[in-house]
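First chain A sits with chain B, and in the next complex the same chain sits with chain C.
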Partner chain A sequence: MSRYRRLVAVISVVATLGLLASLTALSPTRASSHREAPLISEDPAADNTDTYVFRSPDRPDTVTLVGNWIPLEEPAGGPNFNKFGDDVKYTLNVDNDGDAVDDIVYEFRFRTSVQNQNTFLYNTGPITSLDDPDFNIRQSYSVAKVENGRRTMVASGLATPPVNIGPRSTPDYEALAVAAVANLKGGGKVFAGQRDDPFFVDLGSVFDLLGLRPLNQAHLIKRPTEKGVDGVGGFNTHSIVLQVPITELTRDHQPLSGPTDPDAVIGVYAASERRQVRVLSSKGDQPSQYGTWVRVSRLGMPLVNEVVIPLGRKDRFNASDPADDAQFGKLVLDPEPARLIPVLYPGVTVPAAPRNDIATIFLTGIPGLNQPAKVTPSEMIRLNMGIAPTPFAQQNPLGLLAGQMDGFPNGRRLVDDTPDIELRALAGGTPFTPDFNKAPNNILTDGVQKNDKPFLSSFPYLATPHQGYDHNHHPVGS
Partner chain B sequence: MLVGLFVGNFLLAGRGRMDLDPAAPPAGSASPAARVAQLQNQLRARPGEPRLLTDLGVAYLARARQSADPDFYSKAAVALDQSQAAAPGQERTMTALGLLALARHDFRAALGWGGRAHTANPDASEPLGVVVDAQVELGRYPQALEDAQRMADLRPDLASLARVSYLRELHGDAGGALEAMRQAVDAGAGAPTDLAEVRTLLGDLHLGAGRLDDAATAYRQAVAGVPGHAAAKVGLARVTATRGRLADAAVRLDAAAQRLPLPGTVALLGDVRAALGQHAKAAEAYRLVRAIEALNRANGVAVDLELARFEADHARAAGGDAARAVAMARKARAARPTVYADDTLAWALRQAGRPREAQLYARAAVRLGTRDALLWYHLAAVEADLGMRAPAAGHLATALAINPYVTGAAGTFGERKAALALAAKLGVRPPTAGAAR
Partner chain C sequence: MPYRRISRRLALVLGIGVAGLAVGVGVAAVANREPAQSRPAPSVQRLDLSNFPEGEQAPAAAAKPVAANSAAEAVQRFLGANAEQDFATSFGLLDKASREQLKTVATWTDAQAERPAVTAVAVRHERRTGPDTVEVTVAVTHPPAVDPFAGLTPGRTVERWQARREAGRWRVAADPVSVDAVLPGDAGAPAAVQAWVDRLRRCDTAGAAALQATAELYGPAKLADVPCRERGAWKASATRGFDRAGDPQPYLSAFGPEVQTWARLVPVQGPKTRFTAVVAPLGDTWRVLGTDAG
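And now, the complex of A and B:
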């Protein structure tokens, strides 16, 4: 499940929250006899929100992969401060030959340890280092790499920082985060822990009948024009950030000759898996057998899972493998949100289905840019690693639409304004469909063009998480 | 109309397992009443919108649970029926109708809705949860095992694991049940409400095994995560009562019952009052239980088995009527042929002085090997009434080995005393309390 999936439901506003809280356990006569366990449970720990992959602007010989989990994490999260799931296998998956089959999978497993069994408290005093005795509930993790079926342990016992609680508990937060960056053999780096959610979008408006505040006058239901509001502003997420040399990802592990190198394009997505169990073990009190891992969530391109895959097929999508994405191809060729645009914005026309332009951007990659030589259409972010990164300070949120070849949809950088780019793509406002590449199709915007916190120019790039003590939600965008 | 249709489809694009409205308070603290009001507002703008109606129905279910006012089940039914009429065959609506049926203890209807929802979306795990719960309550254990396995294979999350735990518990795998519930707790990371719920169930498992300290820890963790968590607070009161601190337990239960007058809580309060020798207050509580159940019944909740169990347990108390309890238990067992229905009928018959008839059902109640001390104690008591000393002694020893306190998450606190008296009579040496920790 992905962010949009969550966001889309926000259209029906609090409704869904109602569903969640209420379905947890309905037991009118608990302790009588009918026992009910939670049915529709929340599973934020295994819930993919966003995936990013870009050539590192400050270390251009490396690529950075970012997977985010736990949606809309409230900074004031006590007493149940968020953490990764100890029982979840988190993965960053790489296809380096375009066949939609994983060639390299980085696996992350977490383990929580409680230092002081006599307290439920997260911390018993200010946390000033990662091994501070007052840092009571800690999480460490391991990184493994599976390449062509061979699994090797990359690192283990790595520390995660605490969550950013406030000035008393975590007085120098970023120092803790920096201390949690681990160097890997071969020149890589890894970080896992809470960060500011780097995504920005006007949730409140976009999911109120595809409203775009700056274009409120063009909507079927008119409202005064307004600035966008960052609906993700003030929320955190849990991130895994991995930086590896380009040569670790190429098919033959050789350096690239340039953008046209046949091995230059990789496809990337993030996923989470839970472990199957046998309901009854064969013998009474024997420990039950664990089964295989089953995928419960995946996310590459920020659109397909979210708004293209309909409700009834989300479960299948999340559990499925990119190699089998042909089953969803039709949905991408006639995406529902695109059909909505002319209805909600009278006078605006969009290209007719089949939308091969959308399929190109979202399933195969763009020929001559980020389409592998032989490609099996599948939902992944495709990055041509041969294209030099734009210096951090000059990155333009409109990415490829602003002429930056290293920007979304060629990979995805933190600054890239994927909602605006995707809105325009859905409306046909891109060079693929010249007849529609005009106003308002190519100027659609939700009015939120940048994150609520500045990104860092170096690893781990994502901004310091909002602290629980003092934070604001919903900043008005530029 | 066209817009409505499109919008409707668009809305349905997100199912939202973890859908938070950024403007709402964090999950677990948002008020169901506020959600109901918000949805009613939205429905005024878009009358009859099926998804909103489904959400409203589900919000009413939450309201019913939060307030213990079964009137909200009737309201939920109206909203869900309207949604189903406007847009038939939506998995979400049918799953919600299944939930309503489960809440009203109409397990046959729940099975139907769960099955239809599963057919509509075979990849979703929630419909199978409805099916499993219904199968269990209909005593169809082999099918329940099969469907729970399918559910766990699709998505081994907190919801699946909690069911795996219960099925293991029912089938006598106490260690496996504990393990699965611990896994469910692990899987609850980041979901405070669900987490508190499974921590409470974990507490119940410990309590049923006589591990009072572990039970208290689990309940306290649930309360630490969701302050005021009603079921966990009742669990803590039960631990307190089991430790023999009855006056303290009465205070706790009184507060819990004031806040949320669930029949189970009120019955427990009555039992504690009775154990304290406060018989008038106990009788008052028991009258209240019967009144609440009548209110439930008026709102379409089938409480036959719950009430039969209550009547069987209290057949010899003031206001009790053993013959009535037997009749109720028979009727309940016909509708819900579970091991607990067998146990209830057996106990009602025994309380009515009919141990010969009781024996058949008491034996059926332990047919799965369920590690619930009460089931084994009831069997032993029936056998003792029949003069079957050896099997009675064996089954009583089993009961005491499972839980030296006999009562776990159910029972009236009279059982331990009665079981120990029976043990003395039969020459069974009871394990020292605390032997099971």
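And now, the complex of A and C:
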């Protein structure tokens, strides 16, 4: 290539970057743990994909915790549609004093019952209610709460809705989902079942050497510029949504005086456990399971295990306790994606390690906002419950970066565009690192700015799941 | 290509590039300019987090000193403190090895969820097992329960705990040497099932539910509905071991393999239908946990 052509190419890239900068900045953008580690990627029923925690916008005296399992769930996955694992213990874990040890754990166990074993059908006719005789494969669940070393049963025999099959089988799906919302003593609510996967990210491009389609021309290996593609679009997940009064989560169970109340900040993560030993049957019977429960998946802050923890330690991360996260601290202080950005996007510079800014966001919470008074660094979503929620319709996907103090990384709302926020944070495009808080670092985007389906303004908030009969997956170029 | 033509084209391209960049950055700057109060001010520039220890072992917390003049007293106080949810005291009574493993009162407290709550403790006897170790046998009572999280919590257990003298004080190991559940005799199970099926026969589902271990029955759906429909005599017969269950899977999934040690089967014969009731020991009585088609 002649010097002239190279010059033209460089100028073109710069011009394109500038133009894209304007485009991405004009449209406020709104990523996680799908198949993030070798072992758990082979165990979808126990694979925690995302965790959310936010003060409920429509019931501000409560906090909503969401855990999602089963990554990239195909809506048309019959006849044996996805379901929660009967042999998995699902948990939502809360640390309310910053020591990285669970203070409150909500536990969930599921149970499948088949009404008619003499058919291959999930349903033998339209399902019009949760006790419809045609609803063949049902799941119910129990909820327990562990606090101060004691487990108490919260509820049992709660029904989950069927999966959203199609117009013949589940003609009024929303009604079935509403019927599956259970009220709990003390003012809480709980729901468990299939929902649309609320996560949005260009999975296809991001895992193609950290490609960002809108910035394809700035990548080391250039491609034509494209709009972002929601790689999770058209897929479902299985969600556990729990809403509890704030007073149930505070250390002293008293109402908060405000954001500066010493009990205002909680750390939250979701996890799943399996029994230690599984023995397969040579007769086709269900496997036998033995031993104590061991953790096989955990997730608080999105994308930490996915892109910060290296392959050789991902499974260990999933099995470990947050209290032992010091072992991963150096990885967060010098995160691999931040080192890759200048290599894959020549000309972009990022702050040098140690990245205290990233450790603050991912491990301790931000002082004065969501850092507990005494904190043990650990991977959790930290929420200051004293900060009032932004009305649902006004929530900005850029969360705290857009000035919404109740947005990610202070908790995580469904609308929060965590891939873009974290991308910018990794590039130093936040107020923590003023020298790097400029374009393109603070406007990086995967080009996916919102979920493929609108969220609900009230409990359970996650969108109705995609129907098996009629759904689309992330059309490229749309 | 003539030099002047190249220069003109270069200037044109440069001009377009600079203009594009200027427009882009300018528009981005304007678009990113939030109202002054809405963009959060930097609340931190640098944190001193550069000294993360590489290992995961944190030092064990200093134990609150708790006096115990004998092995029996140590075990009694240890379990008594747990009964009162005073885990700081029981942590203070742990032996050195246990404290080093558990590290903090918080992790010790957290671990208690996997142990049955204690309501009362009575020391049965002591046995010296070494120069500074004594095994203490205690009778312990618990709030009886059956649930899919802890499995069976027996109403009564006989437990052996090891106490060790360390620096002149008696201390207790975190885990018991053995725990034996005291279960009601198998002979009582048929009567419990008969009472349950009699209520079902009268279509008194609420009354039958009061004789169940859990609100929801395990096993094949609808079997418990049959006695209400099938008029005539229903009779529960002699207790069998759980190993004879036709389909143990629902019980194994819910309660783990331990269910095989505490659940029993009681066959129920109706005028036309026969099924098996699965029973669980709830305290000193048997309650129906579910059904089995076998």
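Definition applied: the second predicted complex is superposed on the first by the 419 of 478 C-alpha atoms of A that agree within 3 Å, B and C clash if a C-alpha of one lies under 4 Å from a C-alpha of the other, contacts with A are read in each partner's own complex, and residues count from 1 in each chain.
Everything below uses one rule, namely that contacts are C-beta pairs under 8 Å (C-beta built on N, C-alpha and C of every residue); 3 or more make two chains touch, one makes a residue touch a chain.
Computed from a predicted model, the values in this text were never measured in an experiment.
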item	value
First, second, both or neither for A:71, with chain B first and chain C second	first
More chain A residues in contact - chain B or chain C	B
Touched partner set for A:86, first chain B, second chain C, both or neither	both
Touching partner for A:319 - first (chain B), second (chain C), both, neither	first
First, second, both or neither for A:275, with chain B first and chain C second	both
First, second, both or neither for A:157, with chain B first and chain C second	second
Which superposed partner A:439 touches (first chain B, second chain C, both, neither)	second
Chain B and chain C footprints on chain A, overlapping residues	4, 7-8, 11-12, 14-22, 24-26, 86-87, 275, 285-286, 288
Chain C partner contacts - residues on chain A that touch it in the complex	4, 7-8, 11-12, 14-22, 24-26, 86-87, 89, 99, 101-103, 105, 107, 109, 111, 113-115, 140, 142, 144, 146, 148-151, 153, 156-157, 275, 285-286, 288-290, 292, 320, 323-324, 326-327, 329-330, 333, 354, 356-357, 359-360, 363-364, 366-369, 377, 400-405, 431-432, 434, 439, 442-443
Touching residues on chain A, where the partner in the complex is chain B	1, 4-47, 70-72, 74, 76-77, 79-80, 82-87, 120, 203-204, 209-210, 220, 231-232, 235, 274-281, 284-288, 291, 294, 296, 306-316, 319, 336-337, 339-340, 343-344, 473-474
Interface residues, chain C side, partner chain A - complex	6, 10, 13-14, 16-17, 19-29, 31-32, 34-35, 37-50, 52-56, 58, 82, 85, 87, 103-104, 106-107, 109-114, 117, 145, 147-150, 214-216, 218, 221-222, 249-250, 252-254, 256-257
Complex interface listing, chain B residues touching chain A	2-3, 6-7, 9-24, 26-28, 30, 32, 34-36, 38-39, 42, 51-52, 55-56, 58-59, 61-65, 68, 70, 91-92, 95-96, 99, 102-103, 105, 120-121, 123-126, 129-130, 133, 137, 145, 148-149, 152-159, 161-168, 171-176, 179-180, 183-184, 186-195, 197-198, 201, 220-221, 224-225, 231, 234, 262-265, 267-268, 293, 296, 301, 303, 305-306, 309-310, 340, 344, 369, 409-410
